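Common to both upcoming complexes is subunit A, partnered first by subunit B, then by subunit C.
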Partner chain A sequence: MHALEFRQVSYSYGEGEFRIDNLSFTVEEGEFVAVLGHNGSGKSTLARLANGILTRDGGEISVFGTPLDEKHLYDVRREVGVVFQNPDNQTVASIVEDDVAFGAENVGTSREEIGRRIDFALHAVGMEEYRHATIARLSGGQKQRIAIAGVLALLPRIMIFDESTAMLDPRGRREIMEVIARLREEKKITVLVITHFPEEAALADRALVLNRGELVMQGTPAEIFSRREDLLTYNLDLPRIGSIEQALNEGGMSVSSTLDYRILADEIAKELTCGS
Partner chain B sequence: MKDVAFGQYYPVDSFVHKLDPRLKLLFLAAYITSVFLARNFWGIGLCALVMIAVILSSRVPIHKVLRAVRGVVILIAVTSVIYIFFYDGEGEPLWSWGVFAVYREGIYFALFLVLRLFLLVTCSSMLTYTTTPVALTDGIESIFRVHVVALVMSIALRMIPELTGEVERIKNAQKARGADFESGGLIRRVRALVPILIPLLISSFRIAGDLAEAMDARCYMAGKKRIKYKKLAFGPRDLVGFLVGAALVTGVVLLNVYMGSVF
Partner chain C sequence: MRIVAEHLNYTYNAGSPFAVQALKDVTLTIEEGEFFGILGHTGSGKSTFVQHLNGLIRLPRSLRRHPKREDPMPVLTVGEYDLTSKKTDYTALRQKVGMVFQYPEYQLFAETVAADVAFGLKNFADRKHRPTEGEISSAVHAALEAVGLDASVAEKSPFELSGGQKRRAAIAGVIVTRPEVLILDEPAAGLDPRGKREIMELLHRLHGDFCKTVIIVSHDMDEIAENCTMSAVFAEGRVTHVLPPRELFRRGEELEKMGLDIPLVAKLCLELRKRGIEVDCDFTAADFVRRILARKGEKA
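Moving on, here comes the complex of A and B:
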């Protein structure tokens, strides 16, 4: 059973507008998948289709075997949490605790259980001491962590991050990526990160590349980033380490394509000792 | 970001903060009634004493409280000037010049009015300083038995700092394009607001769209009954608040009866 499955999904924003056509892919339980694509590639549409905020025109979507249809819409939504881009436009309450409670109140069964969900969510993002803080006074990274906690309070098994770091400063970005890594390791949550930062995609187990609503590449980040010409046609950048390798290779030092700094450093060291 | 006094919660842990929001709303009603009932300085003095006690036990710093009053200073000044100079009292005026005459009663009235307005504004802002918008709307919801309205109000309050920031951004963007908001007559200044209001309208629609999407994603179902995490419950603390409120109203009425009226 796949955690998330898209089977020949199509969606159109209207006649002659942008469309997704025949999109098929699967995500396994516990996997960390990055979805890369530049503006207008359909990567954000994918997130909205996966939890039924947008309704597909054709094809099938299922989450842990449950089909996404009218009858199961809220079952699926509970399993698939989405964290959006803008940290300011996702919170409904002024106080951290009240906002995290919002989702739990929608699906919770009792007050005690809602309280436990809030404890769990705030602990998972490391924001317990901000429980009674005013959200407007937090930093961008902290606000986004609260948005993550708000989604976590629904206890989803899949979390989709729709460019959730795009509006943050480098520090906020690092904070969010750390939280994501922790969610995977400690909470065993399946993660889909939609991004245009190659550095973030490099952390994933697997990467999907979308271009104009089509799935054009699929593989480990190392495989994807070794296909430089293809990436160029899809308007995607290499991660910094990829650019370094490229420069080294062009300069006559042959290093293999890797996304690990330590491996690259070893290879450079080996080349240098052989040369002398 | 600018600090917006209205609807801004001051987060500390205090006796007043912990009171039930319904009690605080009732207390506010009792307080306003007392301020209007008071017919002499003893009564209004009692109200002021209670307010000082409330402020001290709320641990809201005094400059925050004064900031809330700042908004009505001009109103207070203008009305008290009118009272002082145009009040027609009996007996000898203390001072007169042409149509202007200052009577003892006029000064009393002005002083009374200043105190009243000051206490009314302070009391209402103490409510918003010590009660989160959510608690406040929960209280309103519980007293008036209305739903959804509370969520709408809480989101509206939550968006005030957001939209204030947005206005600042738009204003700066328009200034960078050479817009002038500071000079010209009234009509020109009002017209200069159009390039702020239209982008603001559009961006608030965008924010509303984003928010609706985020609420959907968190399984919000309009109309469906939700379990409230924060359940309102009266405690022993609230009894103290209730007694203070009741004592205040009774005290003011008794002072009216026994100490006479300034009017």
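Moving on, here comes the complex of A and C:
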């Protein structure tokens, strides 16, 4: 059984404007998948289709074997949590614990259970100390961790991060990526990360590349980033390290494509010191 | 316009339990013509500092009138404008110093792109010399052209544009008054790599043709290394370094100790040093590649 399955899914925002076209892919339980694609490629639409915020025009979506249809919409939505881009748009209460409880309260969780869920969720994102804090006084990264906790309180088995680090500073980005790594290891949550940052995609087990709503590439992040010509066709820029490797190779060196600057430094050092 | 700041202090919520001192004795000069990068963590005082430059944050009156004797008098001049004076004409200043906030596309509001871009121009206009419709229209079109937007978007709703286009439209609304100094807070944040590159290319074009000085506030060290002629580091309300990026990033280890990122090329240089190879480059990718290939050539 797949954690998430899209079978020939299509979706359009208006006549003839396809955002998702005949899209099929699967995500396995416990997997960490990155979704790449330039603006307008359909990445965010994919996230919204996966938990029924948008309703597909055609095809089938299922979550742990349960089809996403009218009858199962709320079951599926509880399994698939989505964290969005802007931390300020994802909080509803003014105090941390009230905000974290909001989603769970709305699905009728008992009071004692909500208490336990708040403990669990705040612990998972490393924000226990901020239980009674005012959200407005938190940093962007902290607010985003509260948004994640609010989703976690619903105990989803799949979490989708739709450019959830795009508005954060480098420190906030690191915090969120650490939380994601922990959720995978400790809570065995299946993770989909939609991102523009190659360094974030590099952490994934597998990467999908979307272009105009179609799945055009799929493989390990290292494989994807080594297919430079293809990336350029899909309007994706190489990560910075990739452009340096390419320029070195064009100048007559031979370094492999890696996303790790330490490995690149090793290879440059080897080329410059040993006989070639 | 040369910008000179000396001994600036600023405290948010002064006198309350939430008081936070955001600037501590900041002294910094930004010469005309620079492409200046300001970097530092969130909360380091970067934004507070740049908001002083067009009077969004003003020096506290008490300080202006009765400086404590032991404190050095603050100085803040932007070109001919002395912001410590009570008589500063802020409307005139704000035409000369354009400010583009983070995510400026969230501030678009008018029915058409043209009306949105014209807003600042109409509101800053001198009461005695109101610009004619013709003047407004030509200024709007020049601004749209400068940011690389096609004239056909002028009559569209700003909300029909793509994210990158919206950001350009918002920048057009600031440069339409022809500021001499253009300040942008995280101009490339939230864009995809291509969008980032395009915005930086746009800023270089504006720097040449439109505005004499460009100041960017950025977390992206690569962006600073690739684009800026001069840079300043803020940490905990103080200015810790004022150096051209090529000298600043030579102190990579020091910056890392401060918890700051360093550009990818600087990381590579540090790693190569550990392997006994010194690379003397300006920390742009192009220069790094050139120097490595030259080394390789010498060896062959």
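Operating definition for what follows: the second predicted complex is superposed on the first by the 269 of 276 C-alpha atoms of A that agree within 3 Å, B and C clash if a C-alpha of one lies under 4 Å from a C-alpha of the other, contacts with A are read in each partner's own complex, and residues count from 1 in each chain.
Please note the rule applied: contacts are C-beta pairs under 8 Å (C-beta built on N, C-alpha and C of every residue); 3 or more make two chains touch, one makes a residue touch a chain.
Just so we're clear, the structure is a prediction, and the values are computed from it rather than from any experiment.
Of the two partner chains placed by superposition, only subunit C is touched by A:241; subunit B is not.
Of the two partner chains placed by the overlay, neither subunit B nor subunit C lies in contact with A:1.
In the superposition on chain A, contact is made by A:266 with subunit C only, not with subunit B. Residue contacts after overlaying the shared chain place A:232 against neither subunit B nor subunit C.
Of the two partner chains, subunit C is the only one touched by A:251; subunit B is not. Of the two partner chains, subunit B is the only one that A:102 touches; subunit C does not reach it.
Contact with subunit B, but none with subunit C, is seen for A:94 once the two complexes are overlaid on the shared chain.
In the superposition on chain A, none of the residues of subunit A is touched both by subunit B in one structure and by subunit C in the other. On the side of subunit C, the complex with subunit A involves touching residues 41-43, 103, 162-164, 189-195, 197, 219, 222, 259, 261, 264-265, 267-268, 271-272, 274-277, 285-286, 288-289, 292-293, 295-296, 299-300. Contacts from subunit A toward subunit B in the complex involve residues 48, 51, 53, 74, 77-78, 81-82, 84, 86, 88-95, 98, 101-111, 114-115, 118, 132-136, 147, 150-151, 154. Looking at the complex, you find that subunit B touches subunit A at residues 1, 9, 11, 132-134, 151, 154-155, 157-158, 161-162, 207, 210-211, 213-221, 224, 226-231. Here subunit A touches subunit C in the complex through residues 38-40, 85, 139-140, 163, 166-167, 169-172, 196, 198, 235-237, 239-241, 243-244, 247-248, 251-253, 261-262, 264-266, 268-269, 271-273, 276, going by the rule given at the top.
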